[in-house]
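My structure is below; once you've seen it, I'll send some questions.
Going by the order they are written in, the chains are A, B and C; count residues from 1 in each one.
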């Protein structure tokens, strides 16, 4: 006869098996069309570049050394790969600022949407996504129209007499930031909205009953409750921003590379696929470490249900 | 404030939200305006005209690409949000079990790689399959899009599930509802806003994709973004504005229709 | 109808729509974006009863990578002269022997036996052109027939110059500017090239492809550019002039080749022959705005191209032109390093 403990164990095993089955389709698609093929990239990072792109099947660690170190082209001295460090740092910096900016804008917006009457909430949800039914390239070009020297902002400022010459926004880091914040804003708003939408306002009421100020209510009650949404939103903005490809080209004028452009250069005109592969894996590792640290940190202090 | 104290009010939030909506729509308005621009360039204003709509309408290449974008986006977003919902149910509201972290990491993995890398990896991998099977249809693009859309759909759904109230589901179970019935009648409706948000995100992300599509596409499979990418070198015509405007209006029409149908049902 | 049923129905319809039947007589062209004249394609379709599909690429490297992996279903691709030898060497293209085709007699002598495809065993000329300097003469009136416009920018143009980020074109220009031969591999020259570029960059406003629109709007006052692009800019604004740098300017040519994995070889060959017809070649030029390398096409050319200084290289500068080659992998590797340092 099975003891109660064994029965419970069997039920738990059944539950876990069921859970694996549930996530199987997602895992399968990702394995086939995303993760699996990446093993190729891992292998490529240890090979020798082919003369005109692709690889030669010859083991080499050159790609990995040149991620971090560079041999000076002219005097053959080894030094830290300053160009790579600069590009990594610029990308990380811009991605962090973009995340903060979208959070600052997106949190109140999501809150506003979630506090509308139940009937109109879906409408607000659609309203916020509609601008994004045009693709990224087109949206980026639309931003360009606004910030360029002959664009709306400069024209209005000139007409008002606030400035005498157009402000050069286009082709600066500011332009990249504006563009990314614009492009990735819904990735922040939607997850926050999703977790805020069913926020229990009785808790908020209880807070006010206990003489909490509005700010205290926001910080101590609302924010902890929607933390999972904030985490999800930050991840969804940070990672694509780190890998932004189109925005630096269109709004930054392509003068300063970001990570994706650097990697693209290796797979394209640079014809150094192993280095491109090694750089990509480095990026993946950075992102994974950052992600784990962030989720662990943010998750442990969050309010957990269930 | 005192005379009309609302517990939902937070100072400045409405103003930020209003700014947000204005900022979101400003470029779109510019885009729509320029679609009606009579000038040949995308930078000067030459009066109102429908000529770009006419010329876009006659350009079968751009029409095909737009429809293809929409088609891939819709299929991939639907598949991705179904799979993501299932995965979210499997990975939330449970005591940690072996493989949970693995599942979480695996599902989010497509997020962590720059597009170009997935693009090249898929190019190499899918080419083998294309040669082996002789099939070079849209299936590859749909599979690739579904894969990178899953994490975008998964995160909002999971966020929604994570702090969902269990009481109702327990009550249903206590009333001898089958798990499926509980899911249909209780969990799904509660989860719906998360799924909707995930679906929207996935669709938008699929529409945006350039680089992966560029590497995976076979003959005759240009999407609007890859079509535009090809044009950047030779100058983009305002046709693109017209096509986007038409696409936008069409989407708005469909969404509005759905919105009213679902409202009627309630 | 319940809206969920409707959604399901829509989903099914979408899935069904993915499996479209292909016509029997077909031709799958893989070409640079916005480069293929729809009118000429329509004419070809009508003449041979073939359904043509066009798919775009945006760089030689992408096209090569994709075709090399295979399974793409393309019949025809249009690589540049620097890449033609690679495609041939890697066994990606069919030896269709255009040199023996009926219309080959029309190919201009200077393009009939090029170094990149001796005897024209594989390729047919599609378009050719030059890389030079475009300047808005409202802003800068001095001599502009020099790469100095981008490498030693005059004061009037500082902060208003764009450089088209085609690595090999920029390296060619810089190498010529320091007085060396193209693809020079000696360290001294390469160091000069690097120092020149690094010192020049602060004067550039951008490094991007979208020059037609930006020169038109005035975001740029000068840029390095291709000649066909320059022609379109001048037609929009007569103050914009194209200049052939005296230090030496690059010539390029894009060529139609039939892929080894092509399923419609016969149609592809017909197409190769078809575009060597002067009238059709002129039709292509009217769309892409470059010269085509077919003798006798002049009389069918659009009026604004017939004696355009961008399309017809003036006799006095012709000697400075030189067909660009692909440099050795070693030089290419150093170019990439310089390029990364330049764009960091």
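In this section, a contact is a pair of C-beta atoms (placed from the backbone, for glycine too) under 8 Å apart; a residue touches a chain by one contact, two chains touch by 3 or more.
These numbers were taken from a predicted model, which means no experiment stands behind them.
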item: Chain whose average C-alpha position is farthest from chain B's own; value: C
item: Chain pair whose interface holds the most contacting C-beta pairs; value: A-B
item: CA centroid of chain A to CA centroid of chain B, Å; value: 15
item: Where chain A and chain C are represented by their mean Cα positions, the distance between them in whole Å; value: 35
item: Multi-chain contact sites of chain C, meaning residues that touch two or more partners; value: 62, 65, 210, 217
item: Residues of chain A whose C-beta touches two or more other chains; value: 148, 150, 267
item: Shared interface positions of chain B, touching two or more other chains; value: 42-43, 120, 124, 126, 229, 236, 262
item: Chain B - residues contacting chain A, complex; value: 7-14, 16-17, 19-21, 23-28, 30-31, 34, 42-43, 69, 79, 82-84, 86-87, 89-94, 97-99, 103, 105-118, 120-122, 124-126, 143-144, 146-148, 150, 152, 154-160, 162-166, 190, 193-194, 196-198, 200-201, 203-204, 207-208, 210-211, 224-225, 228-229, 236, 240-241, 244, 247-248, 251-252, 255, 259, 262-263
item: Contacting residues of chain A [partner chain B, same complex]; value: 15-16, 18-23, 25-27, 29-38, 40-41, 104-106, 108-109, 111-113, 115, 119, 121-123, 125-139, 141-143, 145-146, 148, 150, 152, 182, 185-187, 189-191, 193-195, 197-198, 201, 204-205, 208, 214, 218, 225, 228-229, 231-232, 235-236, 239-240, 243, 245-246, 259-260, 263-264, 267, 273, 276-277, 280, 283-284, 287-288, 291, 303-306
item: Touch list for chain C against partner chain A, complex; value: 59, 61-62, 64-65, 68, 86, 90, 162, 165-168, 187, 190-191, 194, 201, 204-208, 210, 217-219, 326, 329, 332-334, 336-341, 343-344
item: Chain C to chain B touching residues, read off their complex; value: 2-3, 6-7, 10-11, 14-15, 17-19, 28, 30, 32-35, 38, 53-58, 62, 65-66, 69-75, 209-213, 216-217, 229, 232, 236, 288
item: In the complex with chain C, residue positions of chain A that touch it; value: 49, 51-54, 70, 73-74, 82-84, 86-87, 148-150, 170-171, 249-250, 253-257, 261-262, 265-272
